Amino acid sequence: METVEILTKVKNNEISVEEAESYFRRQPFEEMGYAKLDLHRKVRCGFAEVIFCSGKADEHLLGIFKKLVETDGEVFGTRASEHQYEMIKKEFPEVEYDKISRILKIEKQDKERIGKISICTAGTADIPVAEEAAQTAEYFGSNVDRIYDVGVSGIHRLLSKLDVIQSANCVIAIAGMEGALASVIGGLVDKPVIAVPTSVGYGASLNGLSALLTMINSCANGMAVVNIDNGYGAGYMATQINRLAEK
Amino acid sequence: METVEILTKVKNNEISVEEAESYFRRQPFEEMGYAKLDLHRKVRCGFAEVIFCSGKADEHLLGIFKKLVETDGEVFGTRASEHQYEMIKKEFPEVEYDKISRILKIEKQDKERIGKISICTAGTADIPVAEEAAQTAEYFGSNVDRIYDVGVSGIHRLLSKLDVIQSANCVIAIAGMEGALASVIGGLVDKPVIAVPTSVGYGASLNGLSALLTMINSCANGMAVVNIDNGYGAGYMATQINRLAEK
Amino acid sequence: METVEILTKVKNNEISVEEAESYFRRQPFEEMGYAKLDLHRKVRCGFAEVIFCSGKADEHLLGIFKKLVETDGEVFGTRASEHQYEMIKKEFPEVEYDKISRILKIEKQDKERIGKISICTAGTADIPVAEEAAQTAEYFGSNVDRIYDVGVSGIHRLLSKLDVIQSANCVIAIAGMEGALASVIGGLVDKPVIAVPTSVGYGASLNGLSALLTMINSCANGMAVVNIDNGYGAGYMATQINRLAEK
Amino acid sequence: METVEILTKVKNNEISVEEAESYFRRQPFEEMGYAKLDLHRKVRCGFAEVIFCSGKADEHLLGIFKKLVETDGEVFGTRASEHQYEMIKKEFPEVEYDKISRILKIEKQDKERIGKISICTAGTADIPVAEEAAQTAEYFGSNVDRIYDVGVSGIHRLLSKLDVIQSANCVIAIAGMEGALASVIGGLVDKPVIAVPTSVGYGASLNGLSALLTMINSCANGMAVVNIDNGYGAGYMATQINRLAEK
Amino acid sequence: METVEILTKVKNNEISVEEAESYFRRQPFEEMGYAKLDLHRKVRCGFAEVIFCSGKADEHLLGIFKKLVETDGEVFGTRASEHQYEMIKKEFPEVEYDKISRILKIEKQDKERIGKISICTAGTADIPVAEEAAQTAEYFGSNVDRIYDVGVSGIHRLLSKLDVIQSANCVIAIAGMEGALASVIGGLVDKPVIAVPTSVGYGASLNGLSALLTMINSCANGMAVVNIDNGYGAGYMATQINRLAEK
Amino acid sequence: METVEILTKVKNNEISVEEAESYFRRQPFEEMGYAKLDLHRKVRCGFAEVIFCSGKADEHLLGIFKKLVETDGEVFGTRASEHQYEMIKKEFPEVEYDKISRILKIEKQDKERIGKISICTAGTADIPVAEEAAQTAEYFGSNVDRIYDVGVSGIHRLLSKLDVIQSANCVIAIAGMEGALASVIGGLVDKPVIAVPTSVGYGASLNGLSALLTMINSCANGMAVVNIDNGYGAGYMATQINRLAEK
Amino acid sequence: METVEILTKVKNNEISVEEAESYFRRQPFEEMGYAKLDLHRKVRCGFAEVIFCSGKADEHLLGIFKKLVETDGEVFGTRASEHQYEMIKKEFPEVEYDKISRILKIEKQDKERIGKISICTAGTADIPVAEEAAQTAEYFGSNVDRIYDVGVSGIHRLLSKLDVIQSANCVIAIAGMEGALASVIGGLVDKPVIAVPTSVGYGASLNGLSALLTMINSCANGMAVVNIDNGYGAGYMATQINRLAEK
Amino acid sequence: METVEILTKVKNNEISVEEAESYFRRQPFEEMGYAKLDLHRKVRCGFAEVIFCSGKADEHLLGIFKKLVETDGEVFGTRASEHQYEMIKKEFPEVEYDKISRILKIEKQDKERIGKISICTAGTADIPVAEEAAQTAEYFGSNVDRIYDVGVSGIHRLLSKLDVIQSANCVIAIAGMEGALASVIGGLVDKPVIAVPTSVGYGASLNGLSALLTMINSCANGMAVVNIDNGYGAGYMATQINRLAEK
């Protein structure tokens, strides 16, 4: 998009051919050898880069954490272990860690939140995934309503919350085992529903694959599915929708 | 159970050792070479033998059909093709065939029916399986309520029928695609629920496997599952339960 | 929501207790025996009921078609066969049928369309699914941009269309085989992406399951997935998002 | 069901419109934030709510345990760890824990038991699942006969117990590995059989999936299947059937 | 094994170095371009080469058929279509075709048969696979007992045949659906059992995969499994065992 | 089989009707509550009962161990842990334990061995399974040749051992990863081959499932397959064949 | 790569800023609406675009065919049906069609071929896939040796051809059923091996998935795998390697 | 190949018949009981034998290590644990161990490297697999370019490295999760691409199976796939190709 500007500068001899060529070659990422941080992401997508902490070596995680704090003044990491929290805290005593959602973050104060996202879970055991979704959405500026333990085996619990759920711009439905909650919500609301299967269950739940299949095959309209336990992905997409609605 | 009787007769020389031995050896089935018909089944289990017609050669099907009509005065076949119907009709003009359920039968008049079974389907496309279940249950002497097209994408349709469903001794929940109907019914009624996944669907429905997994993983209490499209099996078991309840 | 109104009328003796009770019992659907048409759906969700034609018996399809035309003055059916088109055309000569998308519809003239949805396919063979999505979105009032045959094996084709794709409120990414298109689009745009795996492919494509897994595991942010070949579902959800954005 | 009563009271000014509306809104569950306890379940279904302990945080488990003891004077938890037992015992020294079945409970004295359920296992390793089923059934008021280690590799062991098995109202057949026991029992008894696949086995047993498939495909009549290792589900449904039979 | 002989001839100048080298290079097969017929197989293994007819082009099948008749004076083909039978019959009017087993053969008269193999099926629909096994075993010189339709849903049928089954050197157990027959036979006989899963069944039978898993996981001793519907493979291996026993 | 004898005694008043009836009822197993030991197995099948130790509680294992030593003077356990070995050794200091095969046994001295079984592995990592097979076969009286690490990636190793392999009555082919060894051996020998897939491998080996599929689909004749890592099952069946051959 | 050239031209006013910008935007493909033909592919990759004919509408196939003939003077299509051949022949009477490989092409005369690729199949039924590979490699300028029907069930056939196979720059190993051929070849040659699983087989071959797993898990070094039946892909990559070797 | 030489010596009485026979029998491997080391491999294939350390017993690993160091003066082991490193270091203090790639080796100094292989990863977590590939290729004499963290969610990172990637003789593309990187690279380069799926991911990544399926189904030309996490296999085959190109 900025090609015209650069070319004009070349033509006007404001920059050299070499400078222009290097510009076209320069990429909007920070080369760290083991990682290439996408620092232009916030500009390009409206969302800063987030760290998937799981499995990262300590020195790599620390390096990436530092670079992102420097760049943005805040940072958001998912799937962090307690060990990683302790390790980061030594350098950044202000870092916050939530054991349930396993989110590790430094967040700016007084950020504004807009719109609303409803996050529903079938059971208590789905709450870690729900909190990953909720805190992601809040970090990126959405208001969130939490409606937990409204699974279909006692459907009156869900029905009693319909007004709240329906009032959001987007609904996240989180369930393990047979994952039927998503279909039922999909049939009851007129907003986009993002379904998140969880690995909660045993036996033929196949670590969440059964719930995933349930949700993918749902006969409800206006629903799409993310990976098993992917609360982050649901919170991110819900925020995109929420922002569009509040634009 | 009859060992004592036979042995007493031996002791009293009412029958010879050879006769007794042959008795112990004789099996309660009709040897037809290609089949061994279980003619004592009605006595042993309270249900006459049923013919699974699919894939049977014409001469085999006809042979078995004849033998069962002779023995019981009626006969019940599932998964029959139109060709099989035409073939049987030549010898048994009174035979009845239902294209939807693919049931082929000769049934005695004025059989009594007891109790009640509710049969629910998620959609219109599940009706062939539901009719296989319903007509099986009726043949074996149960009353049946049909509640069709009450899938979870419009849950008010199901809720409006709850009284009817709840009044049965046993409920059969039939659904393809994501199969969530069974879980929702399981959470709403206090009777045993037999869940039947169907092969209705496309893509990741995997010909009914997804619905089967949904139902097996259901968090609802009091539910068990039969094979994909197995309306007959559900109707049979529901009748067993219905008979126990009406005993 | 209307409980207070009804109760107030009861209190004021404007309606009898019996009438009120019947009101609470009455469901917003048309009971047709083989189907329960959700006629309040348009009011409740903003989208009229759509017919999934595949596998419906002629008389059932015709009955449902008639009822919906009566109610809404227009009707939209997916997965219709040519036979079904011929059958419906006898009663409704104005019905339109598109062989590619297999959509069968009667549509009101001069309906307004708002916003924009971009629909991308990896190859030419994915076009039937794309057209199902596109025509669904158009029927429900969205503008659509079609960007076909931009699969990753020649990524310059996709990059050349980025401006168009990026200008929509929502993007639908459709691909069979390995399904990588969705991830690449997800990394390039900052709008919600709905990924549709298709059954295009052979061998280990497993009739679309491989593409589905690719999309579900995508490392791209802001993406969710619908069932294999489910163009309708993607077009529906994209319209929900598009409406929210244009509100 | 109680709508008429409430409406009558409104009409008679016995309660205000606001009170009535709040009644319709109030749900028969205890909102605990992390859980919504279904306290009306015993009334609605005849079975009190049961706790699935696995994976519950200590404070959540304790909170739920307390609430249920308060409400019902007894409580039943499945899949409890020894740690959870120790934790609960500090507040409820009377709590009982069975290491084999992992059941954690406080049970009222002198509860009556009715009818009979037969519980069969293929091997010794299936006993934990069988005990979960047996103790569930006993807690809810059924008599239970345990017939363990009667797998088909030595079928005379099973045949020697047929009289006992046959005398129950319902049979639970529990097996891992190839799961053939359920089919054989299904062919020998005329009562409903609930089949429970277990994760006992190795290699191609796929953690119980093979046994599940065996049972779902069974050619025996009158059999349905619950999830792998789901002794609780089998015990629950068997009790429903047993109660119907003893009604 | 014959290296010493050849080398001795070289040393004694009975054959040239070149001849010897060519000997080591010459392979015991007939090169036909599209096929390499293993004509030494009968010498090496005691069993002549067999033709798997399915999918072979007419000219290829005919060419191979001719070559084998020339070499051995007889030939045995499996999975032949009626079309292939008609095609071969034009050149070999004496060829025999069995529609059930789909075996196409020219067989020498008065071949001797030894020992005994028992072949059991669970149902009538398994007979095509059983006949492939039986006729293979007979062609290669084994006596065969056929015991059909003795599935576990009526186990008295199987028990009544135990003496016959037990008297063989090897038992072939053939079953589709849940495949439990193999385990039961495995527990009742003390001879090697070859289990053959069949594709008979529907729904979760997965075209025989479920029966295969059942058999592979069998807790019975002395049993091994061949591919789904592979009657030929079972008949072949049973003959090897039968020959060893009658040696 | 002994029915005639018993009946004759009844007729002759050598035993009472009651005694005879009790005889027919008495089962040839030891009821231990948690287990039903098949003590007549050695008579019936020629092989004493073997203990699958894995997962048995200490007291159960010890009880079974004791009973079998009492009955047979020797005992053979598979899949035993070191802990179980230590536990048993306290009561039976003469017990032997092999860490590689995990076999735990007390064996009589100077048992005779007959015939020969060849046991081949693809790699070094398959040796534990091979030793389970070998020691099982030896315990039950077969001579065994061990040919280890002859996988197909260096096929000259296998070819150099062909004479040895071919001289056995039965061959056991053991391989993980892609499991191709079994097919190659199947094509080279004219004796029955029992193929054992192992869980050796990583990634798409799916814990042995890939090797199992390879072996089941083998185009080699005279081969059948047992469960993943089931050395015991292969050793048992090979002994049956070896005994038949040496009869 | 050409950025510097363009920029230099801009600087020198040889082209306008607008022209340069349009250059950067112009993509090397032909926009046909339903397809975007990659006409620069031959320059970029050294291989012209190939048509995957399967599933293309007649008018689309014809349009693409025409455009490619115009551009390159020749064209190569895979997976063409006889109908498509007839349709194309009307406009291009010189088009050639091979029924076995289903290749449809117009090829320039007297193209040079270099190096050598060996193509081996396990059986006769794998020849269609082998011919797709062979003719692809030949079209793109490689010499090909065909070695068919050398499967592992008679390994001497393969060993007799080793010199020929070993003399190529690259080997393609094609096999269905258990796919063991690829591993054996991989262990015998020191050139890169491209393994192609085929859908030849039945039962547990799972339409080629088992052969694919076998090949992916191969313990042989220097081997990689393409999709089931993907002869084209193997021929293409083998040509890349052959060209590198002959450079 | 040396048959003629040996035979000529026999003819000339330079060696005895017995010696010659023994020569033909002697195999080019070291028999170690638990292993058969392929010491002629380096001559036959140009690559010395490599040790797959995982799961080898200490004494076996040490024995093999010693023998290979003796033979070749260097040795290369993959998938070694730290424990194995410590164990080997006691006898070979010069051994080197890399924790990331888990490679354990003794390598000769000053080995020459030729050509170039590019190794790309989608993310930081794929680096262990990439290093296994890179160090394998380097050990066998290839130059390697490492391009890490260029996954498709930020495709500009990949595009910025295209010149480097394109300049290699062969490209290795390594990715977990959805594995789309391989397809994109396959579409951008004109060199053979070896795709390596990794087990990086969670939920529906199925431990790398999803990435494997993605890569196998890739629509890109000139790509083949190795097992999940098989960096060694990719490095080996890439070296074969690199050597051919630099010949």
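Letters A, B, C, D, E, F, G and H mark the chains in the order given here, with residues in each chain numbered from 1 onward.
Going forward, contacts are C-beta pairs under 8 Å (C-beta built on N, C-alpha and C of every residue); 3 or more make two chains touch, one makes a residue touch a chain.
As the structure is a prediction and not an experimental result, all values here were calculated from the model.
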Quiz item: For the homomeric pair subunit B and subunit F, should the interface be classed as same or different, according to whether the shared residue numbers exceed half of all numbers used?
Solution: same
Quiz item: Does A-B or A-H have the larger number of C-beta pairs in contact?
Solution: A-B
Quiz item: Among the chains, which one keeps its Cα centre farthest from the Cα centre of subunit B?
Solution: H
Quiz prompt | Mean-CA-position distance for subunit G and subunit C (Å) | solution = 38
Exercise. Calculate how many whole Å lie between the centre of subunit B and the centre of subunit D, each centre taken as the average of the chain's C-alpha atoms.
Key: 26
Quiz item: Quick one: subunit A and subunit G, Cα centre-to-centre, how many Å?
Solution: 41
Quiz item: Which positions in subunit A touch two or more other chains at once?
Solution: 154, 203-206, 209, 212, 216-218, 221, 227
Quiz item: Tell me, which pairs of chains are in touch?
Solution: A-B, A-C, A-D, A-G, A-H, B-C, B-D, B-E, B-F, C-D, C-G, C-H, D-E, D-F, E-F, E-G, E-H, F-G, F-H, G-H
Exercise. Could you please specify the touching residues of subunit B with respect to subunit F in the complex?
Key: 3-4, 7-8, 10-11, 13, 17, 20-21, 24
Quiz item: Can you list the residues on subunit E that touch subunit G in the complex?
Solution: 25-29, 33-36, 38, 41, 54-56, 60, 197, 199, 207-209, 212, 227-230
Practice problem: Please name which positions on subunit F make contact with subunit E in the complex. | Solution: 1, 44-47, 50, 163, 169, 190-192, 194-195, 212, 216-217, 221-227, 233-234, 236-237, 240-241, 244-245, 247
Quiz prompt | Contact footprint of subunit C on subunit H as seen in their complex | solution = 122-123, 151-155, 177-180, 183-184, 186-188, 201, 203-206, 209-211, 213-221
Quiz item: What residues of subunit A sit close enough to touch subunit D in their complex?
Solution: 124-125, 127, 148-150, 154, 156-157, 159-160, 200, 202-206
